[in-house]
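Here chain A shows up in two complexes: once beside chain B, once beside chain C.
For the complex of A and B:
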């Protein structure tokens, strides 16, 4: 199988869609948070915690339990950030970095307790795959687009939902208002703090599910470092996507495409070292980020102290 | 036009304090449907505070607000708006990144947005008062007048019955002001009750049916505009001041230590000062009065050499320091900025602040290389003693001092070296009586020692107390010069302050 084959690209693209799923969830979570004017730098830790919680939950109650566990853990981290930054007045950058470390460190610790051998021997139930009748049998497009896990379809539905929320509902409008000008929004009688609390918590839930989409979405097990910095990629994806859901989709697919390509290229490829291919998705994301992150597209009040 | 109907919105005996300052004392006001009421006064007279109490932004400390004759508690701006009281603040309140349609929808209820219906409602409300509004561009891309009209139209479309406008004309050009007044008149004819907060007498004469004049937080006049003339309103605003002048030294010489010539200053593309010239002699204190605006900081910074003027010169003892802050310092210019956090470094000690501009000077260093902390501490202690900074400890962090003591430290540092020229902007602003008095005394003393002093202040009483001469800055020019050694013509002063040609907007 090489790049001359259509089959090669079929596998790469199908993989890209699968690998984009966690990023879509995480990036949507980060986007909602940042739209409220706060930045959640703990996203990688929260995804790690969600990835692990999903495996534990799935091993006990099946994949629905896994998803629920990941959502709850993500939401709790979101709550922790919301309380310390919005209610406690802590610096959101510091809190975010702390959560990034706590999320990964605590998860590794809990993993060691749960699986003392440290092995990823335990495989857990995955989110089921749904082959869409009729469409899944299409050549090329069937495998690429129409035979994925429920999570992938859910990510796309969520994407459409968030788009609708941002553009067509009063809640979305208020979220934008708070993220751009919390003082002005307060003058309009909007409770900026409440909206931010909600955004950070919902954002945390989505980041947790994003983590789950890695472990119970396709891997079936947890290992230390399984998230592989995808939280930070999601941060970049939000910027590349200019804080819009559709843009986040494009950014997520971009990374996932190169990620998938690098996985296929593992088995030696024209003598190029595999390590170089591992670097590819990150390098490509960085490259696009540098090209696209111009101008002032982000929420105006992003990253400023609450208030 | 005045109707006998009972007032729609009124306040009775309201008092409001901010800390130690009483902003309003036992004031009453009534807004009636179909009428424009002007609320006028100088800076700090309490007119904005009164409007904000009516709008639910500030709760009064005592007194009542009545809606249709019934006492109401307006817990916030939203509560007021739900009754039908709209408030358009001076700096406007809509969110710049959103369009007018979106800003209007923010405050509505229901989860679904209907842009088309909202746009139609806004257009209909605008058409009612013959306005043309832009509904679908981000507010921040519109001109100030458009934004203001947008907020007014949004209020009408939301069904408000009372419209409170806080200094709506302060940033408008003459034609825009005329249009706004015409709009207000039309709104009143449609049955709105309008409260117009302003300091410009022309607007009162042109647009208002009734007028409330406040001075120093107290109600000095409440009545119909008809039968009043601009001069009498100006007199009411300024009042008959019992001038409590301090003993000022005679000016001995004709030595002009500060000479300002044809000074023109621009900021952010806006012409703020156009062709101003004056001189200040040795020992003289010149007050710069006028309604606060962007001109005062621009003038202060230009005089201190911090802002590069478009043209003109500022000479300290013959040396042109325009745009050259370091040369200004060297020539003996002392500067007390309006914002004391720009003059006092909170994280440094009192002694370090005191010696801030003398780092590297021989007397403050060892071998011109190392800091001489003993000398710094001694200088700090000197200033603390001379200017009564409390607590008297040079090692304390300046940021921990009270506002008044920070200001004393700042003024002390600036005046300690017997400067040639002193530029002080709002030197006693926001200070308690004793600290303010100490600072004024220090300014009088430094003048007596031979400095030429310029005090820029919104507090007319302060200027009348310590200045030899007064210039009034209005519009972009000096609109009047008053010798305070002679009895003051209050009417002329009021006119000079109020008849300012409005700033033209680009």
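For the complex of A and C:
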């Protein structure tokens, strides 16, 4: 297989859509959080916890159980952050770093208790793949766009939903108001604290599902380090996408494209070290981050002391 | 009380692993203070953490939130390996060249995010995090390429360093190497710096950048200097890990030390003595957890959980204190907070 073969690009692009799915969920979760004016730096730990919870849940109750477990675990981490920052008044960056440690450490701990040998990769039921009738048989576009897991379609529906919610509904308006000007919002009778609590918890749920989209979306098993910094990529994706769902989609696809390309690089490209391809997704994300750095598009109260 | 909560969670986790918490704790203590060997292990585990943490201290004090120590440490170890293996020299020369190469490597890896932050306003948290992952793959590429061991070995690693490039041991029968003296030197330097006018200006930069700029410390200068210092320290720690402990460069050289080092800096309240104390506690926790894993069925990753919980507890305690007394805004543990708040805004 090589680069002037259409089949090669079909595999790479289909892989990109698959690999973008976890990022879309996680980035939407972070975006909702940041739109409310808080930042969740624990995202990588929460995705790791979600990825593991999904495998445990799926091995016991099938893929729906896996998704539910990941959502609950993600929501619990969101709740912990919300309580520490909003009720406890703790510094959100420090809390985020602490949660990043707890999330990955606790997951690794529980994983080793669950699978003491550590080497047996346990395979669990995946989220089913839906071939959209008619469209899935199209040449090229069928495999790339129309034969994915339910999670991928759900991510796109959610993307449209969040887009509509933020732009067109009262709830979305309140969320943005709290993130831009909490003082002004509270003068309007909006309970900033409650909205932020909800945003951080829902954000955590989506990050947990984002982790699940890695393990029960396509891998089928869990290993420590399976998230591979995708939480931090999602953070970058939110900025690259200028805090809009459509922008996040573009950012997620960009990283996922290079990620997918690197997975294929082992089978070809004479003379170029494969590690170079593994660097590419992160390097490309950094590059676009630099390009999009100018201007202030973020919520104005982002990262400031809550309250 | 916060510590009590941490303790309760830890006991619950140990119980979940099917071990007796008392046995586990005695394993933890045996693994930390049991004999001179493990005490030395604790010290050499704490040393790189302290160096990384003392190095990021000025940045965090100035409100520059670099989280790139992990990658800078890796690149420092890589560059010092390349230089050590290619240049001849006597013992002291080799050590000097090695540490300088490590520092240069770390600074090089810090330079890009520093310039991006100073002149293009690219969020340094994200750029440094992304560069950590790039550094990891770059190390693997070098260990599979130019730095590959001559011997036929399946796993990627470098050639062993010549004996004259090894840091000397201080105590027979242990791995206590002379690198710990570097920590003492850095500690003294950091204590002096925090009391100088320069130290004050950098600290002022976090809360009042305009004022510190009028006092001669411009925004780009604060960002670039502190990030380069952090990079140099992390690079030196990377050199120390190879020169003092492993004597061969492996892909695992980072091992989370860069991340934990930042946690140490925060736990230590961004003050030099606090940082060294925090490094000793976390170093003890790490070696103790290894001992606990051997003696009982408790996985060593419990150390990471405890570290995270400790940081969370400290953050809550600091917040609770400043809520109770509004006048304590100038308390020593406070400036980093205001700073990071600001820095989080992209």
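Rule of thumb we're sticking to: the second predicted complex is superposed on the first by the 305 of 307 C-alpha atoms of A that agree within 3 Å, B and C clash if a C-alpha of one lies under 4 Å from a C-alpha of the other, contacts with A are read in each partner's own complex, and residues count from 1 in each chain.
Note that in this section a contact is a pair of C-beta atoms (placed from the backbone, for glycine too) under 8 Å apart; a residue touches a chain by one contact, two chains touch by 3 or more.
A quick note: this is a predicted structure, and the numbers were derived from the prediction, not measured.
Q: Looking at A:253, would you say it contacts chain B, chain C, both, or neither? Reply first, second, both or neither.
A: Once the two structures are laid over each other on A, A:253 reaches no partner at all.
Q: Kindly classify A:227 by the partners it touches after superposition: chain B alone (first), chain C alone (second), both, or neither?
A: neither
Q: Going by the contact rule set out at the top, does A:162 touch chain B (first), chain C (second), both, or neither?
A: Neither: A:162 stays clear of chain B and chain C.
Q: If we overlay the two complexes on their shared chain A, which of chain B and chain C does A:170 touch? Say first, second, both or neither.
A: In the superposition, A:170 touches chain B alone.
Q: Return the chain, chain B or chain C, that is in touch with more residues of chain A.
A: The larger set of chain A residues in touch belongs to C.
Q: Thinking of the overlay built on chain A, is A:187 touched by chain B (first), by chain C (second), by both, or by neither?
A: A:187: touches chain B, not chain C.
Q: Identify the partner contact of A:205: answer first if only chain B is touched, second if only chain C is, both if each is, neither if none is.
A: Neither partner.
Q: Would you pull the chain B residues touching chain A in the complex into a rising list?
A: Chain B reaches chain A through residues 76-78, 81, 89, 93-98, 102-103, 105-113.
Q: Per the contact definition, I'd like the list of chain A residues that touch chain B in the complex.
A: Residues 167-171, 173-174, 176-177, 180-181, 184-185, 187-190, 300.
Q: Which of the residues in chain C end up touching chain A in this complex?
A: Residues in contact with chain A: 13, 16-18, 65, 67, 116, 120-123, 125-127, 129-134, 137-138, 140-141, 144-145, 259, 262-263, 266, 297, 299, 301-305, 307-309, 311-312, 314-316, 318-320, 322-323, 336-337, 340-346.
Q: Given the complex with chain C, which residues does chain A contribute to the contact?
A: 39, 41, 45, 84, 88-95, 97-106, 108-110, 112-113, 116, 228-229, 232-233, 235-236, 239, 273, 275-276, 278-279, 282-283, 285-286, 289-290, 293-294, 296, 298, 302-305
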